[in-house]
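Letters A, B, C and D mark the chains in the order given here, with residues in each chain numbered from 1 onward.
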């Protein structure tokens, strides 16, 4: 078994890591770390509200009993020597400081954006750009690290990049226009989106989100060329909004393809897409990366976000667009806190174990 | 005073007409009509639930006391001889039968789509295409009617067309891509959208909506050329969705302009847009047709739908798009049951009174 | 295996029966029936929307593939001769006509209220009043039937009666005051609660609900005395409201007990409550009939409705009330469409199979 | 004109004071104060988000332009010498320190709970217990102040006490049981209720709320006896919950009266209730303190919260209860941030101006 720490274990993303790793066949939770305030307490104590006695457990799934008695370490001083992976579930400003420290010796898989745009850092989605893992060798060499940092994408990028991949392969992509209707869980809880602000409402702006999605999509769908990634050449233009949905980002996508194609050809390309050999056999991988509906009332976030335990991207309403050159339009739903967060990061760990970048 | 009937007076759109006409300076409600079932009863009886005694009044505004004792006529047999305008708030299949009957002698202003796409029928938005009113002369002649039919647009078209108009005038429009996040009220109440279906959800399809918006936008922004309207040449491509918002459609718009322009130039063109002379002086007209926000968190449907009593189109986040040629993107909020329905139809009546097409 | 029909199979409750019986160890689905309109079609055809091709499947769980090719019969003419149970998921007015027809020879387990208040008809909650099953013998004799009718309670009664049972047993109950905050799913879909009406709102009235809850609770917690049920003597007073929650009824309960008791004694009585021997071993039974939380922020419908697959009643905030004599107050959450509907009815079937009232 | 300061002017309650005082005939805003961080800036600067430029204005009503250029003072050092009233919209812990400072010389009207339970401090609702204002004389004497402190009740107490008052007067009250379904706005914004937590949910606990409501209701409905208030003798037992409603608390009330009464007698007593002479003539007073509906589907928070600009208490479903002695039950809706907060405090100021406790 590979030994993993979760840094930021008391927050909502940290808790999602606990759920994603419960009963994992290859990886065991060997350490938990959080801020100094939690250090020295058991995990249960650390997430118990002192005043009301309530457990601050934020996942829909029940609390993971196995870790309740584990001690929580101070992330800034965590001893990683006995570990193989550090899953990082901390904010970007902290990630900037802590992740390189751990990466000197260990594999760091991060949900933070701190290093996503560095040239020698891959943004991995197993099945979509598994070959970008090779950039880790470049990174190690450049930085003189035995370990490495591999962030996952922003949760809004994930579904967009996945559904675009078979279009890229089969027809080529010229340009992408996307409007997202994002779930509340993407904003976290500190303080996240206030109920008063989102009830009977749409919030038309998510700071920094559009730039991330545009840049990450190009990088993920770029080509690994020996020792660097050459970003995809097509432009991506987004408008990102927040709607009153708990989980599951919905995206309205318009694509211009290089080669003309019919809607049913796009549907077939998506349905048949399987990624690199073995990718869908990883323990957390969905059996179908993309599920395509014919029913025009799908995908809906509430009905489709949990497809394949939140690891599939669900697409519907594929049809021609008459504005873009060879235009195709569709909607997708992607689970922002499963494939788009902790469980997606665990899937990256599985890929890197299989590829030999991580071992016990 | 011009005398008006409301046909379909017991439904939600009919009730919105009652609210929009309450205390109107030029128009008085002279007759109410609905289905045979309501005929012969007072308005109050007609909207009272027999079993519970509850009033089936659906507007946020209080019931209009002035009409409670008015008799409701059978729409199919309504005597329109003493009337000047028939406001039609009925479904399209009924509209197809009843509206031409009334139009032989009277002005019919309709929220139904039945005649929107006929060549000799204008779709009017005062201030945007007031000059299309002249098509009424063509219609009268072609159909041998003393009256006429003028439908208002689909409620999703309204805001899109309004915000595009100053762009058309100042920079020219090549193409439009739009994703809507539409309010529940747009679906009406028979049965409308079920709470179970929209809670914690987005519904990605509204039957027929996208085609309507695409076609109507081209017609409204087309040029009146002597005896017909030549539709605007640019393509419009939409994806229309439903979100858990009570009133106010939000639209994410991407526009390719003919002439390159900066975001602030677009903002200025929108802010300064006033329509034809006198249009903003009509009793129901907004003082500002378009309100533009700098705050990136605006427009929001809950905060902005009621601007200028629901008659203004509120725009925000105007910025460059890097996919379309001379691309500009923005969001807008438009009140779908005020400017987009009954009160918008009353505004059309006002325009046609001013232009002499309707008189007492 | 016991052979069951589902009458009303195309509606939402019928679909919940399909889900509740999927892979059932004792019961197999042998027939499906619905209105004449569906008769003669496969189940899949019967629930497919002709116009859009969309599947009218209303459960959160995926459609039950096993029944998709089964033919749907006309409920009014269904041949029940080869069946052992008829699960009735139809409206009360139809139930009044159809259920007695089937009950002449077969066991009818119904979610309708049509026969709940008949003297010789038990309202069963296995584990709470399993001994009331003996009233079936009285019913058969009185009506000359080989079969029988056993309705389950109204979904709002279920949780109330369950949590009251251990209080009755341990301390005696004098009186009950309850305010419910009920989920949308309790109203069904025809048309159910319109999104427009419940968004940002509470609806303070559910026709007929309060009377049902008051009467059924007394009957369920009454004593079976040889050949009739003597209703519990305490009064129940309710106010039933609807809130914007998808599933899971929340109830705020105030109880006057006969014997003074502390909150922790009530908690213990609830936690230790196991019903009659064997009741919790039935295939669909929850392992714990009642789950009691110490965390004052529980129960919450979204977090607790699915406890024990929606079959447990979840209680919290047990504390003293200073108004009622020996007053105790608490909140509970009960899954209205699992324990409170189809799966609760399947649990009744299991009890009656065990007790020999149903056999293959 | 009476000169008023608003302390805590940048928060949501402070902003509601600005709205409540806009164009007030007797009171003008003469000073604004907030935390040290805002001090020295204009009000507009103080509520503008530095990063995004967005205005942090939280009311549904548009920002009050008149105060945008007013300077914001540091509350801890505010010079009150030129003022007549200090409206305090700060948290209780700060109120404990600052309010007595101002009260030495000035009238302090507070939304905080800090002094509500002090023996010499009245909790005023004009029209309900206007005569309690006389306790101010006692307070001044006891504390040696020229000014005084008068807090308004908790927003959940307000509607409960108002609707109970005519029952007290006409029939006497023995006991009250109440379950509330409270709006999100009652929790404020720091951080208030997170959207993730309330979507598709009910939260069954609001810390400290039930104790406040129980105690305050007894005090408000108590009798002023020369130099102290003798609290009402009846017990009040509450369960307070939070539902997904923006504004307007809904309360399900069960009352035991001393004298038997019919539902229609209670309705009449409520409808005819007018308070002390002149109370309903105060500028912010509702014309009807209590509005009673016959329609069983009322009151609903979304439809009824704004009755009389949020100053009326709206009651419905008055009917007999069969559990309590002379039991009556009903539901009410009360606007928690109008009558229940700033505008209710302005109404108190108006009463105290009329009674001569405040003057310019």
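What we mean here is this: contacts are C-beta pairs under 8 Å (C-beta built on N, C-alpha and C of every residue); 3 or more make two chains touch, one makes a residue touch a chain.
Quantities reported herein were computed from a predicted structural model and do not represent experimental measurements.
K.L.:
Find the chain most remote from chain C, comparing centres computed as mean CA coordinates.
P.N.:
Taking each chain's C-alpha mean as its centre, the farthest from chain C is B.
K.L.:
B-D versus A-D: which interface comes out with more C-beta contact pairs?
P.N.:
Counting C-beta pairs in contact for B-D and A-D gives the edge to A-D.
K.L.:
Could you grab the centroid distance between chain A and chain B? Build each centroid from C-alpha atoms only and quote it in angstrom.
P.N.:
42
K.L.:
Approximately how many whole Å separate the CA-defined centres of chain A and chain D?
P.N.:
Inter-chain centre distance comes to 46 Å.
K.L.:
How many angstrom lie between the centres of chain B and chain D, each centre taken as the mean Cα position?
P.N.:
About 41 Å separates the centre of chain B from that of chain D.
K.L.:
Any chance you could list the residues of chain B touching two or more other chains?
P.N.:
Chain B, residues with two or more chain partners: 52, 199-200, 207, 244-246, 296-298, 302-303.
K.L.:
Help me check something: in the complex, which residues belonging to chain C touch chain A?
P.N.:
That would be residues 52-55, 60, 199-200, 294-298, 302-303 of chain C.
K.L.:
What residues on chain B touch chain C, complex-wise?
P.N.:
51-52, 58, 184-185, 189, 191-200, 207, 244-246
K.L.:
Chain D touches which residues of chain C in the complex?
P.N.:
Those in contact with chain D are residues 175-177, 179, 181, 199-205, 207, 235-237, 239, 241, 243-246, 250, 252, 254, 256, 296-303, 316-317, 321-324, 327, 329, 331.
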